[in-house]
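Listed after this line are the structures, all set down as structure tokens.
In the two complexes that follow, subunit A is the common piece, with subunit B as its partner first and subunit C second.
On to the complex of A and B.
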């Protein structure tokens, strides 16, 4: 790993400089993670007197549990929909802004601010619009003959959380797509235009392929976002319901552990989620960004 | 622009206008709702034009809060949020910049190990290890305290990486010259490295302030005392009550107040925000 050509010779100073960060990491990150791993192999009796070591029993139960498999499936649907919608919309907007010579800054300002809206607030905003009794969108849908009630209809609940989660993520994707588009050399598009390629053809044969590093990076980030950062959206809108239809993995860990007090199962779920984050992080660092070198 | 196509220009503006409208509509509705009185929502549809009760609603929420939900006045929650966001941003920057400095400018046993331990934090978001982390914090007696709200969140791999990358681009000659002139490591850090990092620190502060402000799950777990409620977590409680006893005007006033500070930061510090976002991204 890189350092400077010359370095300071101090023996203890670097440890002192690192100490706060390492202490917090060990106490609040690594130790709890190890605890989760440990209790994922244990079962507590109902009174909390005795814990027994049960190997992979918690995991086996999880994968035999239709509720957990349902949660996996729902998470997959949710993540795919959020990623596709948030990335699709923001790519269109980024391409449009990139065409402009003037006014691009104003549009950018008007498009990026939802980044600063907390997920739970985004959830409440959309919940307000889709509220079955007073929401404007549920009213409009009612006029069109669709009876909207996300409290009983599983698909509608999923649509609600997908919209709220995507809405918030558009600004982030938009900024990265704009940055990516600006790094595509204009000379290539100009050459293609001289050869007679129209705007659509130029986009799909030149710009989009050259944008693929950005697209792939955003793909990973969006999956990560949909799986782990949307807790607030779910908690504000559906709380996992109706009938578990929006109980995505990260919400289920919380609900089972904190509300259901099933520590063994919740820990096993934690460990599985950590494995997912680890895989996503490794993909991101190994194949996406080469800016960080070790 | 490669060529001039008038219809494509019109389409571009149409797409962007539509995009801006869709992005802004939920917030527009919230602002409108916060200017009416409670009765406006009994007719069945949300009003679409502003009403006359803006000052009433905001004044009431800031001064008293929503009595039925047991939440404190919004001034207190906003102050808590502000304090939490600033503490998190400052502490993250402080411990990350010193860590990066140690890793780049010194060679010592376990340097690589230290780097990897910091790296691992990326892989352990709080959402996936809620219960054991909660237990650690409660064993340390940090529930219902500002320390409990902030300290467990201030380890930061991304900030450390950003400073490390930046330090690697700082010319070696600076440090060599400082050493020739007899400057020790702390003097070099304070008088040369810190001033050079100013823009990076500012950009990072913007991103981390927003991060701290948006925290929801963690404050919800570690605070039961209303004195420590932050606005983002307090809103959920108010909304849950509003569902049974609609006081939408008040809930939406709270929503607008909860959004406003970080959104203003993004709008007015857009350049720093974009720099921070693009560069910290792993």
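On to the complex of A and C.
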């Protein structure tokens, strides 16, 4: 209980101060979520003339649909790969920058740059580089004997979106890791060094455990990012193809609802997606957090 | 800061000015999906109409691809912010026809506003494709196209082929492509836009094969797909074989965004896509001469290929706008239907002349004689007597079905499925989508 507490003399003032934020949350988050929950129980024509209440029919159809199960599986692969790559690479970069005495600011700035790029622009950049007919990287790969065509090859399409999505997230993770590393007391590492611990041993026994709150926070953020925020990257690169191999849950919600105009099914999918993320976060807090040392 | 205030003031002033103009004239909003060269022509038509009279201002708004435009219009309708006129592509026709409360049928609009309306003036394939069960045309045919074949005459010559002879059959496409590859004149034989529309729907029509039951869906919502026949499977298997050999290059799902650059850059010698791609082809094919030809067919499957079917879009009028806006829309439609406007749109873009009068005008002007190949599309779509299989297709939620077809086709290209497995699965999944549409519209 070391948190600072302010006692308001007026009973209504704190509520009035909270009201704008509450209003935004209610109007832009809670209300649409309730609408989605409502229409996930309905079947409706695109124009909204005829609405039938159909209980769990939309959900039942989803679980009977091999395409949905495929999408779940693809999402799992994608989220794990993006989280591991984005966190791994940024940790390595952060450690490297943290050891620099000079110019670390410049490196930091350069590494944070991609974060300012909008997801869809990041997607276009990678799409451009890997474009099977005009892309420079696909040309280079062609010279090396690799025939790159993510329009046809499912694995290459997955590699492309994982690269694009991870690249975008590395900056964010990097910033947090650098900040986390700076709060690791140098005296601990020095003491270990005097006791004869090598750099790797020091990293794994001292630095990494002390970083665990940051790592845990980033784990949750990255999984949420991979599951929710990667829509723009996928829309700009593969559009879920080829043959649905990159059609992750959040993109399928969009494709079925906005392109296919199947609002009931799309709502049911978004409700399920919300549940999945809630469950994941609860699991993380209950089981992973126990091993985190604050 | 002072500068900013000045800009804001100017902006407010111009806003006020534009609203005063809008008071004098009724604004008719027109959402469309014509980008690039086509969009420029479309805006020119709207500007000409605005200059021709002073009561109405037609404001064209580009809303992205066809699918995006349809989605945007539906979302806007639900929010009561719909435009008066929206351009909907042919695959959205089933969806729009089923949405009775949302649509102001064009024949009624014209009658209510005392504007001339003559359905018999349209080309027969156009009337056939867009009439409802009672024979009424619910939306104004505006840009109709049909897929044709474009080829690079310079590459043909370099490969030792006669540049004036296009491949007539699929066997010749294979033979020519192989020769082109072997000679090194190009690194790819052919590419295509719209695998669903060109290589499946039109393939079925040309070979007089049914795409779905109940006359390809014209007979009612209870229709089921049946495009998983032997010939379609053979064709998809061939495409896979040619793709592996390098003779065919896949341009991506839906319209195939990668296909046009493959042809423009000279990488692929042959390109199959809408006749309306002509504007883009002519503008971009700067380094070589382009030949035009009808789509190839399998001569062992049909001796005389049937007509190809229509693509493109029509203009739908949406409910919930003011009388004045409808009067403006009706007057604009009359303007659009004039042979001169139609003929110039057709000649500039490669869309079909929609009315007989526009086609005749083009003949009188000597346009087809001057521009060899410009009548390929119209000859292909009017050849022979249309059968139930080649009249067109009418299915609800066809946008989704086309996505399914792209996905299954990609599975064939990726080697996960044989063509027959993929087509069977596409039919099964497509039928589920049709049942969904049927139950939502009962």
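The rule we apply is simple: the second predicted complex is superposed on the first by the 241 of 294 C-alpha atoms of A that agree within 3 Å, B and C clash if a C-alpha of one lies under 4 Å from a C-alpha of the other, contacts with A are read in each partner's own complex, and residues count from 1 in each chain.
The definition used in the following text is that contacts are C-beta pairs under 8 Å (C-beta built on N, C-alpha and C of every residue); 3 or more make two chains touch, one makes a residue touch a chain.
The shown structure was predicted, so the numbers you read here are calculated from the model rather than taken from an experiment.
A.B. asks: So, does A:35 touch the first partner subunit B, the second partner subunit C, both, or neither?
C.D. replies: first
A.B. asks: First (subunit B), second (subunit C), both or neither: which does A:134 touch?
C.D. replies: both
A.B. asks: Would you check which partner chain A:262 touches, where first means subunit B only, second means subunit C only, and both and neither mean what they say?
C.D. replies: A:262 contacts subunit C only, not subunit B.
A.B. asks: Given the touch rule stated above, what does A:213 touch, subunit B (first), subunit C (second), both, or neither?
C.D. replies: Neither: A:213 stays clear of subunit B and subunit C.
A.B. asks: Of the partners subunit B and subunit C, which touch A:270 in the superposed model: first, second, both, neither?
C.D. replies: Only subunit B is touched by A:270; subunit C is not.
A.B. asks: Taking the superposition on A as described, I'd like to know which of subunit B and subunit C A:242 touches: first, second, both or neither.
C.D. replies: Second partner only.
A.B. asks: Once the two structures are fitted together, what part of subunit A is touched by subunit B and by subunit C alike?
C.D. replies: Dual-contact residues (subunit A): 133-134, 258.
A.B. asks: With touch defined as at the start, can you tell me which subunit A residues reach subunit C in the complex?
C.D. replies: Listed in rising order, the residues of subunit A that touch subunit C are 43-50, 67, 131-134, 149, 151-154, 239, 241-244, 255-256, 258-262.
A.B. asks: Help me check something: in the complex, which residues belonging to subunit A touch subunit B?
C.D. replies: For subunit A paired with subunit B, touching residues are 1-8, 10-11, 13-15, 17-18, 20-22, 24-33, 35-36, 39, 89, 92-93, 96-97, 99-101, 107-122, 124-129, 133-136, 139, 167, 170-172, 175-176, 179, 186, 189-190, 193, 199, 202, 217, 221, 228-229, 231-232, 235-236, 250, 253-254, 257-258, 263, 266-267, 270, 273-274, 277-278, 281, 284-285, 289, 291-292, 294.
A.B. asks: Across the complex, what residues on subunit B touch subunit A?
C.D. replies: 1-3, 5, 8-9, 12, 15-16, 19-20, 22-27, 29-30, 33, 41, 44-46, 48, 94-96, 98-99, 101-108, 111-112, 114-115, 117-118, 120-125, 127-133, 135-137, 151-152, 154-156, 160-161, 165, 168, 172, 175-176, 179, 184-186, 188, 210, 213-217, 221, 232-233, 235-236, 239, 246, 248, 251-252, 255, 258-259, 262-263, 265-267, 270, 273-274, 277-278, 281-282
A.B. asks: Under the stated contact criterion, what part of subunit C meets subunit A in this complex?
C.D. replies: 67, 71, 74, 77-78, 95, 98-99, 101-102, 243, 249-253, 258, 261-262, 265, 267, 397, 399-400, 403, 406-408, 410-411, 413-414, 416, 429, 436, 439-441
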